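Please see the structure below; I have some questions.
All chains are identified by letter, namely A, B and C, in their written order; residue positions are counted from 1 within each chain.
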Amino acid sequence: MNKKLLKNPYIQFVLFGVVLSLLPLLVLFGILPSSYITLIGGVIIYSISALGLNLLLGYSGLISLGTAGFMGTAAYISAYFTVNLHMPFEIALLAGLIVPLIIGVLVGLVSLRIEGLYLAIATLCVSEILRKTFEELSFLTNGFSGKTASYPKLLGFINLTRDTSYVLLVVFLVLVMILIYNLVNGQLGRALNAMRGSEAAAQAMGVFLLKYRLIAFALATGLASLSGVLYVHFIRFTYPTTWTMGMSLNILAAIIIGGVRNIYGTILGCFIVFAVPDLFLKQIPYFGTMNGFAYIFNGVLIILVIMFYPHGLIYIGNDIKRLFNKKKGKV
Amino acid sequence: MSTLLQLVLRSLETGGIYSLAALGIIIIYRTSNMTNFAQGTIGMFNAFVVTFLFTVSGLPFWLSVIGGMISAVCTGFLVDFVIIRHTKKVTPVAKQIITLGLIMIFLGITPFFFGVEPLNLPQFIKTGSYNLGGASISYNGIFNILFGLGVMLALFYVLQKTKWGLAVRTTASNEFTARLMGVPTKTVTMGAWAIAAVLGVLSGVMVAPFTSVTLNLMDGVQINALIACVLGGFQTFYGPVIGAYIIGIAKNLLVYYVSSVWGEQLLYVGILIFIVFRPHGLIGKKVIKKV
Amino acid sequence: MSHQAIIADDIVLKIEELSIAFGGLKAVDNLSFQIREKEVFGLIGPNGAGKTTAFNCITQFYKPNHGKIYFRDKNNNVTNLIDHPVHEVIKLGLVRTFQNVELIRELSILDNVLIGAHIDFKSSLFSQALKLPKAVKEEKDLRDEAIEVLRFLGIENRKDLPAGGQPYGILKKVELARTLMCRPKLIILDEPAAGLNDVETVQLAQTIRTIRDRYNCSILLVEHDMRLVMDVCDQICAISFGKFLAVGTPKEIRKNKDVQTAYLGTEDDET
């Protein structure tokens, strides 16, 4: 009975969230340094955005390099709504979703005309327009000085701290994981896969390409926006230089390294791209202090994974299991 | 009138820088079938080599540039030999991610070799300007324009008139068939990476005097080079070059005449609108898929 | 506007003066034929005759330059297919397979078949995301139906295997299963015998007949393999260079001089 319970994917998601939530406790007892909360919190934020991008790239086969721009837009709008307009967090969250969503849907509309690489660079163009707007629209963004925000204030009176904000991040992550899981294992997931695998077959089976591209872009942009809002209320400040092509590429790399079309894979990928450098590499004696070592390591790792593990590192577990069974079988 | 002329001349310089970088991207795209997002970063690394040779080792400018070009050729060869050659089975999207890995590697080895302090690379021709109908253009600017055009013309000549150029064009058209026909596609790809790296360092050297030599040296150039390729279309070699000059000219004109802060965004919005109407760029041709 | 009277009661598909040209070359030229209910109809012609183009016109992957394509849909309404976008054709009850077997490699065979039921899912995205009871029941019911179809075609035991890597014969059956999910009125098979050996082709003929009987549908067969066509078709239309050549029973077509000249070879070859 217990084993069956553990195999239930929803239970697994919740357990995963519970484990993640224990981090502040570990820090409290001095087992792990306090900086880990910010680090892992960052991984969670990027994971939410990456799960959205996975829906776009992994399932629908559409490349978008505009993730950073959407995240930044949502971040700035939410910060503005809470700090300047003194709106409640919940309203700011919704407001942060709207503008990027409109832009995302517009991109989705043109995605039937503009394909592949052209679409990718067009989204990059959009992201750059947004980034430059962050630099210039000072009344909203404070320009190069950066915009600050504070931890979320839930329901108008619950002031969150760093640790409780972190738990909020975990809650959002688990909710997003469940949502994505439900969607990709049902009609939507199949329709998106069909769109990616064979547009002709998809259309012959009644999949209206434009509608599903719009849905894919809307969902991906929505999740990117959510992550942007969470970013600004957890990290509590943002600059235009945060939201570059580099960030969009890193998120893209994360889902490929971890394993496309795999929820845990996406999170694993984000962990590798966004946390491993600070967690492990900087601690390695001699190499850790070398200028640029973390970058070199990450770059090499990315290339090695693509070349030798094209399906993503999440399947390492399977391969190890298989190796184990092989050895067992031989005895 | 003279301001317009001045802007146009300045744009030719900017356009030249962008087009060298764009050429680097399109050459690799058409021979290795991947978009090299690391074009700028590799150019940046080799620009550091040039600056190092010039400022630290004290070599004369032209010799430092040659040194940078040699370093670029080596970098190109190495990247192709160690990595790109072995990516036959990789999906197109994953190939792009490999170039992201390259970005990180070069972002890492640059401070490793050259430290974290920004360096300065002066102009090739330090002083003096020429007056053309009321517009003033520095000698360096003239040199950049002519040098950029010269490099491109040389490249196009090689592409169109020489045996190696034919090999490149054949590989670009269809790599598999080219190999069957005996074209040394492996050498072609290696050469392509080397040339792209050289184009990268040249555009880096040309842009360096306007700013300082840091890790972000080529960021602006890289993005505009990519957009130039989209504007001009990935199907030809000359399309991105035209796109690059258009971007250079339009950017300077918009920034001066319309708005200094919103000029660039307007340009990008304009390009996006253009792409919606011509999804394969100025010179693009649509590929019809048979069901 | 109903075209009720335009086609006879027992006709399910009527092509009238279908023409399409690509840059000056007429791929299909003034083609007309009609298919009855519960009929297995063959469309044959030598390579380049325009069979695939005609077929793509019928299924609205191409919009023809001229002509009408009347179809009696599941609700017994007659409509001109040209008025519909390509993704709505299946809603009317017209479904097709692909010569290159367009399945999604990473999905399981069962999921591939479920794509054929795409239009049957009525629950909203919202209820799917939250796994509301209605959505859960719908998914389960359609899943059961898909398993039933796979059982009918004898490949139920492979339902959870990924489609990529399956043998070609199995993949063709999966594509067939996918078309059956919408309870079609007309199934168009795009060279179903391509890549099959003799034994498999005979089985295919039997499968086609069984499908026609069990699902009460018509089947349009676009095919090269003469033995299959002669074996299983009730009526055959032969075309050449995009133009109508002849229509009739297999016997009549075999004897038709024009058809023979076009590609069946000289009289000496025929017994």
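For the reader, a short list of remarks on this structure follows.
In this text, a contact is a pair of C-beta atoms (placed from the backbone, for glycine too) under 8 Å apart; a residue touches a chain by one contact, two chains touch by 3 or more.
All values reported here derive from a predicted model rather than from experimental measurement.
With A-B and A-C as the two chain pairs, more C-beta contacts join A-B.
Chain closest to the overall centre, judged by the mean of its C-alpha atoms against the mean of all protein C-alpha atoms: A. Put simply, the C-alpha centre of chain B and that of chain C have 51 angstrom between them.
Annotation: 31 Å between the Cα-based centres of chain A and chain B. The geometric centre of chain A is 42 Å away from that of chain C, both derived from CA atoms.
Those residues of chain C in touch with two or more other chains are numbered 61, 98. Residue positions 291 of chain B are each in touch with at least two other chains. The set of chain A residues that touch two or more partner chains comprises 200. Looking at the complex, you find that chain C touches chain A at residues 59, 61, 85-91, 95-96, 98, 102-107, 111, 114-116, 118-119, 121, 123, 125, 128-131, 135, 139, 178, 182. Taken together, the chain B residues at the contact with chain A in this complex read 35, 37, 83, 86-87, 89-91, 93-94, 96-98, 100-112, 115-116, 219, 222-223, 226-227, 229-230, 234, 261-262, 264-265, 268-269, 271-272, 275-276, 279-281, 291. Within the complex, the chain A residues that touch chain C are 179, 182-183, 186-188, 190-191, 193-194, 196-198, 200-209, 215, 261. Residue ranges on chain A touching chain B, taken from their complex, read 57, 63, 110, 113-115, 117-118, 120-122, 124-126, 128-129, 132-133, 136, 200, 244-246, 249-250, 252-253, 256-257, 290-303, 306-307, 310.
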